[in-house]
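In what follows, chain A forms one complex with chain B and a second complex with chain C.
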Partner chain A sequence: MAKTQAARTRSAKRPAPSLSAPLLPIHALIEAEQKAFIETRDDVKRAGYFCAYTPPELLNAAGLRHARLFKAGTPEIVAEGERFTQSVFCDFSKSCIGGFDQTAGDPFYRAVDKVYNFHTCASMKRASEVIEQFVPTTLLNLPRNRGDAASRAFFREEIVHFRDDVAALAGRPITEDDVHEQILLFNKARRLLKKFSELRKRPYPPLSGKDFLELVRGYYYLPPQTLLAAYEKLYRKLSRVPDDGERPVRLMVSGSIMADGDRRLVELIEDEIGARVVVEDHCTGLKPFTHTVRETGDPFQALADGYLDQAPCARMKPLDDSVNLTGGLAQEYDVEGVVYVYLKFCACYGVTKLEFISHLQQLGIPVLEISSDYSSSDHGQLRTRVEAFIEVLTERRGDRVGDTVAAD
Partner chain B sequence: MKISDIVERVPWPFAPPGPVIGFDIGSRGSKGVLLTADEILTTFIPTGLYMQETADDLLARLLKQTGLRRRDIGFIVGTGYGRISLKYKDIPYQVVTEITCHAMGAHALNPRTRTIIDIGGQDSKAIKVDPATGKVVEFVMNDKCAAGTGRFLEKAAVLLGLELDELGGVALEATEPAPISSQCVVFAESEMVSLRARGERSGDQATRANIAAGIHFASARRVKTLLGRVGIEPDLVFTGGVANNVGMWHALEELIGAKFTRSPIDMIYAGALGAAVHAGKYHAAALQVGTAKPKVVAAVGSGRGKPASRTRSRDPRPAALVRIG
Partner chain C sequence: MGTVLELDPGHRGRRRPVARTRRRSPENSKALKALDVLAQSHSFDGIQREAEDGKSVIWGGFSWDSPLIYACDTIPVGYDQLWAEDSRKSEAIAEDHFQVPGEFCSMIKAMIGRLHTDRDSKIKRVLHFGSGCEPISAVLELAKRDGYDIQTVDTVTAFRSAEKRDYAIAFLVHELQRIAHWLTGKPADEARVGEEIRRKNQILRKVGRTMELRSRHPLYVQGLATKQVIMGSMHSYGNPEAFSAVLDTLIGELEELDNDPAPLPPTYIPLVLAGSVGNLLLFQAIEESNGAILGWVYHGSHEYREDVPPLESLAHFVLDAQGRGDLGEAVGASVAYRRIAVEEEVRRTGARGIISSSITGCPYASLMQQLERDHFKQLGIPLIALETDVHREPPTEEQIMRVKAFIEMLS
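Let's turn to the complex of A and B:
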């Protein structure tokens, strides 16, 4: 019975996203890794985590199979999750819970031996408390005031707790040297991801927004050695693509998490309308790759500092850091407009939207605001909004180019 | 009807070089506007199951009204919910969103238009327009929810045993609009049921009028929120099918404390008119480059569209929306 259910869940999985051809081998690599995560019979424990503030360095140092659990649930999974929450929780938190459901859930989530979560928002904290019923879970603390010395000392302690917990799960110690080695490895991956993103600064980017999201997906599912081997090859290939196409309308996607599988907005923008996402500031896009971790000194303090210094989530203080980062990226990548999208009921990005939107508008960048969930019943409305936004941007571009031509 | 009878400025700067058509295929009703150099014709039918058939029906009706032939039509622009389904082998065409089209439609009739409220079957929108060009400056659209849309009013009319076109008039007879607070159609419906149950007699006229008014105010509050986000600058124009509802007109004017500017035609046609004006611009552009019947490739909405070719940037029209080649 359970087997039939699982088989059905797998077969009902979304079709592969429409990626550029050079990305397809990466996609295949990720699919194979996920299959192995579920099906390989061995003694290696599986660790899962939700949040980009979790250092995978420690999970990898322990020799665990590990992955970020950030899938957008099917309507069934979201409904399962909602049994444990109020309706006013975001679809991501519901997906995290529903994924562990014994019958309707996701086989990938059910393969996990232990879940780690950092307390970011109340919804995700509650989600990990619920998940504890299904699978052992450790909830760790993440200080808000990222600049304070006390926060850094405290967060170092949390990182050490995390190390101890992971070592117990793996049944082997994790030394400072192990951690140091992993910091070097993950920094390499982060730098590479950032370089990929920078290819999108070209007038005719050799990779789409969807392609970049796929690379980020790989970062959270693939072991770093596998990743580096495949990505370095791909980078050489993409960097040689000639930059001579027509300049597409350049957009930034800003806001809350864009889960694995939550591709309808980007597909609408890129496949249906023909504009390009050239940068995104969310924690499943470029955000985790704008910084690296210090490679010298106490590795636990380095992790604590590195993760607090990374591009901040909107739940961190001061919010200005987040807002300025968004505006800075929009300018750095020369975007013509920003689509600010947040999950309905998101207590981090929904309630801070005006700070982000007005900052961007002050910089002279038009913004389209969209609240989203994992249903698909509003495709027509979403399309009208995005298409009208692109019409407005194209008209602005016409005016600007027209002015230049007139001045000749 | 003669264009010179409805517009202030003659010659009208939006007159097309030859016959062109705008279709607005909405979620509930479909509208067609045919523009010639001096005339405007309109037609309306309920949207059918197949959008293309609906558009074909509209086209046949417009041609019959004018005595023009299919090959006389220089350009078609489709807008509205069903715009992406439109295809023509023999007539150059393009799709443009209803947001851009309502702005242009209202602007073409009244160049002082700065703010538009458009309420249709399933959407309501607030649009800020540049009075110099008719271009969209900013827009806000309702969330996926029927509150504050025509669908909500349709539902309310059924519950009150009224035809949709009677609902607004009945609401104006209210002495004390019923307090309907729900922002959600489903909950508003149950509020209506309980209000109806409290009426002294079944079918009591005054109760019905008060409930009808309450419904309009509940919808109008929703729309006011949208307006609050783009701001209200006169001239304020009401477009879309619900613009024909006097009850909604009254409720909105009272809530926002501003008057709508009256339009010379039924503003259910604003989107189709805007589409026809865009069609005229595309047609003129095509004539200018010397191909009267160019093959047109949809850029926006074609699935693998590419934006503006820089070589066409001198063209003051929305060049990016059309590629001629």
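Let's turn to the complex of A and C:
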């Protein structure tokens, strides 16, 4: 019981993650930006959004302070959300609702003047309908049939509607030139994030999976100008790190959203067991940075196409696009195993898990399946399972070396 | 009609026989029998036979979109038939073969399990609306592995009451044209769709009248029969003429009861039911506890517009329904508005309490139930939230006890 209480307290405080030293200045920048978001007294409106299908280009063009709201809530915040949702929502959607609670919520969420949610999964749509009780909220449609021209044209119209709503919030118009300029800026940031990730293709990556998640965190909290200045410097530094050392067991984490603060699995894999996450197939890892937005022509259609063309969420149709992307990323990053983790009650990744797992297994990649939430009570069990999986991968590596020697 | 002798309890202790006309009873109702026969004819086996006979039959397309589907000479079948039989076995297939996690609702598991069992049947096409329930969308992707041809009308939602964007209407019209092509290989015959809309509107008016009349005679058209009326209002059990005729008869019977010059005073506890009831035997528990469902907020009887082109009319219908919180999660209806309709029903019927029912594990319904709990608590109207599954076993003792205790408390 005492242990559980201690775990709760630890989770509630959310200490700074044990990042690599070069990442600490980035972490400090993010913390400062969050503090400013909450505390700065100015007339600049704060906009928040939940999903990686929301184009921040328009929020930035309007001169708003903006951030993706993707925190893993503390047990208290999850409990606040659960007051509305009962138990049958994932902990992420509960955290989103609970974060807005006027007394027990998260100050960062409570600082938000307006929430935008492109309707991704039905649970987040429902969560937004509750959140509307606390803060003005605009819900927008996100098509599923990502390959259809008519769906793309419809999404363009929704993005224009979003532009108008954002402009009204900011009290200033947003021109096509403004949007074009932001597309260039955010593409630079996306390309840079992808380059950071590609450093992980090295046998001995100069940044950990947790480091990369911190960089992604920065993408969603920092203004792009700030991000580019800091990240370019960091990239130069990391790209010069010699590629030597013992090749760690290389893993991909795939599945549901891994929220800001939901680091227990990555910490377990990297800090406690010593393997390395070299790529993520989820919407708070590499996934949103595999594509850029077209830089010519109608900027609204470019945004519509660009966001629908990004590595798809499993709610998009056809599901094969998501499944094939997962396999492709695993091969591209030469992973030895995949940890497929889905949040309990996540329909997108829970119901369809067999499709992903079977595909990876057909490619000869072992998979560990984990059903997750934001509690810490199953740490021991989780550790045992992950350790056993990595042991199997290590033995497999030995077998492969043996096979190669025998063949020689 | 015969007469029965009955004691008049209101006559100051002097017991004298009173002649009273023998009332209609549900057991003798031609309409209710015909309704049941029609509903049973819409069985899984019956539908399969129609498909084997060469008729065009699809899963889905049975709700707001049914006029288009009928206009494409296709029979739309409600998803509910997928869990009408062998639902336990189907659920087990979902969990074992597809490894759908146990926390998801029995409805989606029974759906995918049954589709898998019948993968060699003639009905291989499924129509689905992308605005609806996420788990249904996910399991239908799994069904593709069994060779099903799944067509998704893309996600379009009016998130607020009266929030309809013109381009959303236009996009839905495009999507409906695409569905017509899928079914017939050619554009929708708009004149036919218009005819189907007018026919469905006639049925909806009759359903509305039936619901109004039965709210005064809830023990005549009891819970199960009412659900049959409501389900029929969507897809007419594949036979709009027959369903329309059944409604005419039923309205006639109810009007006859309504015109009774000496009606018996109600002896039941009036209730409003919000949502569907997965386990149909719960109706029995309610009625055995002396409760009667006077108002039912499940699927509305709002009509389609006839002043706009037919496909636009379908688009307006579904977007209006979403904004009203009508038609449920099948169309992605708002969770914020159904309570308004529930409150109206309570006021209209004088109900003493509300039974809010949902399927265990349904995120949509659980959230809406909580919003309703908060809302009606403020209004001082008692509400009990029930959760059931889609299986046909008797309700649990706990469920029955909760229903009975609730009704007893209201009495």
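The rule is simple: the second predicted complex is superposed on the first by the 393 of 408 C-alpha atoms of A that agree within 3 Å, B and C clash if a C-alpha of one lies under 4 Å from a C-alpha of the other, contacts with A are read in each partner's own complex, and residues count from 1 in each chain.
The rule is short, and it goes like this: a residue touches a chain if its C-beta (ideal position, glycine included) is under 8 Å from a C-beta of that chain, and two chains touch if they have at least 3 such contacts.
As the structure is a computational prediction, the values presented were derived from the model and not from experiment.
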Partner chain(s) touched by A:371 [first = chain B, second = chain C, both, neither]: both
Which superposed partner A:284 touches (first chain B, second chain C, both, neither): neither
Touching partner for A:292 - first (chain B), second (chain C), both, neither: neither
Which partner, chain B or chain C, touches more chain A residues: C
Touching partner for A:60 - first (chain B), second (chain C), both, neither: neither
Partner chain(s) touched by A:121 [first = chain B, second = chain C, both, neither]: second
First (chain B), second (chain C), both or neither touched by A:350: second
Which superposed partner A:95 touches (first chain B, second chain C, both, neither): neither
Which superposed partner A:157 touches (first chain B, second chain C, both, neither): second
Touching both chain C and chain B, counted on chain A across the two superposed complexes: 371
Chain A residues touching chain C - in the complex, by the definition given at the top: 83-86, 88-89, 119, 121-123, 125-126, 129-130, 132, 139, 141-145, 148, 150-151, 153-154, 157, 161, 314-315, 317-319, 344-345, 347-348, 350-355, 371
Contact set on chain B toward chain A in their complex: 81, 84, 96-100, 122-123, 135-137, 139, 141, 143-144, 299-310, 313-316, 318-321
Complex contacts: residues of chain C adjacent to chain A: 98-101, 103-104, 108, 130, 132-135, 137-139, 141-142, 144-145, 152, 154-157, 159, 165, 167-168, 171, 174-175, 178, 329, 332, 334-336, 361-364, 366-367, 369-371
Complex interface listing, chain A residues touching chain B: 246-249, 271-275, 371, 377-378, 380-381, 383-385, 387-388, 390-392, 394-395, 397-398, 401-402, 405-406
